[in-house]
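Some structures to go through are shown next.
Here come two complexes built around subunit A, the first alongside subunit B, the second alongside subunit C.
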Partner chain A sequence: MNLEYWGFALAFIVLGPVVGGLLAGIDRRLTARMQSRQGPPLLQPFYDVLKLFEKDTTVVTHLQTLYLWAFLFFMVIAGVIIFLGGNLLLSLFAMTVSGIFLCLAAESTNSPYSKIGSAREMLLMMAYEPMLIIVPLGFFLVVGSFQVADILAGEPSQVVQLLGVLIGFLFVLTIKLRKSPFDISTSHHGHQELVKGLTTDMSGRDLALVEIGHWYENVILLAWLYLFFGPLGLLWALPIAVVLFFAEVLVDNTNARLKWGTTVKASWWVAVLFGVTNLLVLPFI
Partner chain B sequence: MSFLTKSPWILHYAATSCNGCDIELLACLTPLYDVERFGIINTGNPKHADILMVTGSVNEESRKVLENLYEQMPDPKAVIAIGACALSGGIFREAYNVYGGIDQVIPVDVYVAGCAARPESIIDGVVRALGVLEERSKNRVRQRKVA
Partner chain C sequence: MLLISFLIVFPLLAALAIAFAPTADLRSAFVRWSALALAIASVVLAVAYFRTGPEFFSLGDTWNGLLDQVFLLGGIAVALVLLYLCRRISVRQWYIPALILLQMGLILVAELAPGHPEVARPFYVDSFSILMALIVGVVGWLIAVYAVRYMRDYHAQHPEVRDRQPAFFAIVFLFCAAMFGIVLTNHLPGLFFFWEITTLCSFWLIGYSGTAEAMRNAYRALTMNLIGGVFFAAAIVWLTFNPELQTWELDVVIANGGAAALIPAALIAVAGLTKAAQMPFHTWLLGAMVAPTPVSALLHSSTMVKAGVFILVKFAPVYHGTEVGLLLALIGGVTFLATSLIAVNQRNAKLVLAYSTIANLGLVVMCAGVGTTATLWAAMLLILFHAVAKALLFLSVGTTEHLVHSRDIEDMDGLVYRRPVLAMTLMVGMLGMFLAPFGMLISKYTCFQAFLTVDVFPGGGILLMAILAFGSAPTLFFWTKWMGKLVAMPRRTPEPMPEVPREQAFALLALTGLTYLACVLYPFVDWAFILPYTQALADAGLVPPPSDSTHWETFILMSVMLAGMFLLPVLFWLRPPHYATVSGYLSGANVAGSASYRGAMGGEREVTARGYYLTAFLDEQRLTRQGLIAAGILMIAMLMGAAL
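And now, the complex of A and B:
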């Protein structure tokens, strides 16, 4: 592992929230424009989080704060592994552990809304996890390694070989980014049957931690998307990844929320149809 | 400057109102007025909210809910009463079953008049509440320094 990768990892820890926050800001502005509104300032997500640090933090149990720190910690670890050029599978596991800590944080309080949110988040994890596992598997079958550094040094044609996996990944990306129609555990929009779900009992500093964790998560997911196009070079890969990322905003604004059953069924079907089929035909392409 | 003024999150509660003011309040979120320009978000969760906006003349049933919501909001917070009924009970003032005004139940910082209150005046009310919030935030910092 050379110095360059340590630089990337350090940049992720320091600049990750900045980039993630800006992505969230662009997302909100884009959403507003799609609804023919002017929308908030680009830096609005930062204002929100800085405000949350000024507010009182009311906690039902201090265990919740511990869980949220664990959520943030493992999210950062997941990102650091990727940006060190390390094992993609290990990074995925760290991300899953982080997700489970978020569920635990929501589960540790007494609010029924929080508990419903937590239960639904578990279902969502069940829905997207198979497809997320298929992504590193696909890379392994094509490149012969789980190492991010090797994947980036692969053939530019790997995105064509893994087209099915890419489609499947884009599908579950909607769930991971908490976008409609899959935002059943917690939502940015105030007109759903369960509004805040997971974050119902989190306030002040605790909520700020969740937001910062999501910023890191967004950067990690963007990095995953980048991996598909990585061998094409930065000049091609980054714009493609960013455009696909913001295509999710369009999906978000043109869909209503689904029921959890439909969500799980749909994402498993996509995982089988696109992901597994792609893996099966890989030896022939 | 406090960041509270840049990102006021709102909780809306209709304490037995006729829904006239509620519709005007929700109209503020529509493309014509778009209060998200100022970072204002309708949260629907008291633990996330900075400003409580109440419409309607409170009665015994909604009093408990209103007090509960107010208690659950973390400091610093502000309350806005919207519409004639929330200010004084409006045409229901003399009715036996209403308290007649939000300030009979919880402390109110800003009063927005009208039946129904216009979206413009509601937005103006929020801007005034921002001043209250900033003042409270400054006081808290000052108190912490003393302590």
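And now, the complex of A and C:
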């Protein structure tokens, strides 16, 4: 672990939210264009969050802020591990802890809308967790290590070997990014039964924390995507990863929402058919 | 040797003293101090044999002969007691005495055979048995301390149950003696004798309340464990008459490691599976939860099921690299996957814990079946982490049950606000069961890595890894759901709860501390207990030599996370944010806080929200049936694989 990687990790902590916010901004613009709208300015997510910091914060219980701190803390740790060139599986575990604390924050308010949102979030976690675990395991079988540094130093052909895993990952990425057809834990539309899912009872600074946490998460997910193409070099890998990342916006706009049961079943089937099968045939590729 | 005999004989004497103690106070004092003495003795054992290789003890010819007699007569006595206990069963349960007679017949055939093998070194100590002894001694002590007060309250709350506390505590100590015997004896018929004592004790403890349900479950547990006992006895008969490997010494069988050892190892694997409550035998542990909570804690954490996985891990070098081992690992895998999914369905807190125990033991069985150095490492850490975290969870649930008068998870709403300390111990136990940076995760991580390098059978490792990945996801779901209940802000001011009794609080806090410590100090546990054990096996050429397994980077990151988990609440407590408090959003006009609201038609509506149990999505009965069939087929295949 050299100085360069420490630089990356530091850059993630400082610049992570900036990049993540920009990703969110581009996302909104793209969505708007797909719907033949003008869309907000690119920096709108930052304006939104800055405004949230100005607002009064109300809480149902003070402890919900504590859980949100833990959410943010573990999300940052997960990213730091990746940008240090560290252990990908460990980073996934940290991300899981972070997700669980977000659920606990929603559960602690004990309001029905928050609770349904968090129960659905847990269901989604159950749906995507197996596939997300398979990704580092696939890298381990190809590269022989969970270390991000080793994966980046691997053969450029690894993306071909792990094509099934990549497809499976793109599938669950839709869930992770809370896009249709899997945005069942936090609907953006006020008239739906969920109101605002697990963020229903969060406001002001608390809500800003959630947003910043999600920005970090977006950067982490982009980094995961980048790992598949990493050995191709930055010039190839970054554009491919970004294009694939925004392909999710297209999926978002062309699909209606699914029920949670379908989501869990579909993601487990994808994990088996693409992920596990890929690993099984790996010795022959 | 003195220490070993103390650990086995002292609890027996303590049991006698407790059974005949004249007053209740004196009895309680006996329980507390004898349990403490055992805990201290196990620590002394750990210090005395710190980081030594396996050390064997011979008693001399006269004593060895006498020991043989003791085990023979003791075995007969246990069988007779079991037969006596069958006096009230119906004719339809004829198979219970038949099983007792069958295993007694088998063991007599072996022990009375002319020229049966002699055991020169009946006892041993190695670092794995020290670790086990520490778990039995220390966790057993805390459970005993907890039980003293619990049982008094239990009888106050259940006047219909006959008060048999003297016998209860005596049996608990007998149980501990048998556990020390199991982990310290090298004498296979002796091991079988202790094994049967645990069967007998668990039967008595499960049936303690004497209700029809308790007796039914106790007999079920007895039947299952007797089936395991028959297989164990068959293994001993095989080892008595097989010319290739004629021995009664545990270490000789393991050191053989070849095809000759595989048949007895497979038979003993079935015995281990029954005791460790794996599918297709898992139902007895579910029934065992009718017993008073300290009994559940004892059965699930430090004794009984741990004896099952102990013997499997002990035989892991024999299973290593064979089809039998892979099939054994798959039985564990099927159990892990099926019970993790079923646990999502459960509303009863003790059932959730029981299913999670079975699942975690399944994970240990997977590790034992694979039997590489890395999986042994993971298995031993799993045993340790599970013992402390599960004891903590059971005892916390027991206390909660006394306070809220329910085992239903839905009734534990808002415990964080009603009894913060109790909620904290429950949360630490749950975090310890499934979440980074706590112990279980370290073991799971190692399992993933180890399974990927298995090459017994093409794709075998991938299959195990997939099982682990898919089984972990529902685990996440049902623990988080439960934690969500605990942290939920009560909608109304809750009615005050009685204090947690001081002794119980002590046991709970001590176990919480142990759970934390085990996580922080796992590299030390590795260095002190696991490395010497795997090194000794590797030196004997039984398993591949341990690679440099201390992942320092992982350890540092884990410590940072653990520190975060600890410091964030402290920071929060020192500098709490001052936000305005409102009641939760109800999509209507709130009437009484967030407890009720005025609906669209103007009427007042009460708010209720329950957890998700996915009963339509996951069918408990179908999953159980499928698991039983799959595990049954795998077990038959395993036995046939060993015979061929």
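To be clear about the criterion, the second predicted complex is superposed on the first by the 278 of 285 C-alpha atoms of A that agree within 3 Å, B and C clash if a C-alpha of one lies under 4 Å from a C-alpha of the other, contacts with A are read in each partner's own complex, and residues count from 1 in each chain.
Just so it is clear, contacts are C-beta pairs under 8 Å (C-beta built on N, C-alpha and C of every residue); 3 or more make two chains touch, one makes a residue touch a chain.
Since we're looking at a predicted model, the values are computed, not measured.
J.: In the superposed arrangement, does A:S118 touch subunit B (first), subunit C (second), both or neither?
T.: A:S118: touches subunit C, not subunit B.
J.: Does subunit B (first) or subunit C (second) touch A:P41, or do both, or does neither?
T.: Touch status of A:P41: first partner only.
J.: Of the two partner chains, subunit B (first) and subunit C (second), which one does A:P283 touch, if any: first, second, both, or neither?
T.: It touches subunit C, and subunit B stays clear.
J.: Now for A:S108: first (subunit B), second (subunit C), both, or neither, which partner does it touch?
T.: After superposing on A, A:S108 lies in contact with subunit C but is clear of subunit B.
J.: In the superposed arrangement, which partner chain does A:L50 touch: subunit B (first), subunit C (second), both, or neither?
T.: first
J.: Pick one for A:I77: touches subunit B only (first), subunit C only (second), both, or neither.
T.: After superposition on chain A, A:I77 lies in contact with subunit C alone.
J.: Looking at the overlay, does A:T58 come into contact with subunit B only (first), subunit C only (second), both, or neither?
T.: Both subunit B and subunit C are touched by A:T58.
J.: Between subunit C and subunit B, which one touches more residues of subunit A when both complexes sit on the common chain A?
T.: Higher number of touched subunit A residues: C.
J.: Overlap of the subunit B and subunit C footprints on subunit A, residue-wise?
T.: 56-58, 195, 200-201, 204
J.: Going by the contact rule at the top, pick out the subunit A residues touching subunit C in the complex.
T.: By the definition above, subunit A touches subunit C via 1, 56-63, 65-67, 69-70, 73-74, 77, 81, 86-87, 89-90, 93-94, 96-97, 100, 103-104, 107-116, 118-119, 122-123, 125-127, 129-130, 133-134, 137, 140-141, 146, 195, 200-201, 204-206, 261, 264, 268, 271-272, 276, 279-280, 283.
J.: Which of the residues in subunit B come into contact with subunit A in the complex?
T.: 2-4, 6-7, 31, 34, 36-39, 41-45, 47-48, 50, 72, 74-76, 137
J.: In the complex, go through subunit A and note every residue touching subunit B.
T.: Going through subunit A, the ones touching subunit B are 28, 32, 35-41, 44, 47-48, 50-51, 54-58, 190, 195-196, 199-204, 207.
J.: In the complex, go through subunit C and note every residue touching subunit A.
T.: Residues 413-414, 416-417, 435-437, 441, 445, 448-449, 452, 458-459, 462, 465-466, 469-470, 472-474, 476-477, 480-481, 483-485, 487-491, 551, 553-554, 557, 560-561, 564-565, 568-569, 571-572, 576-577, 579-587, 594, 607, 609, 611-612, 617 of subunit C touch subunit A in their complex.
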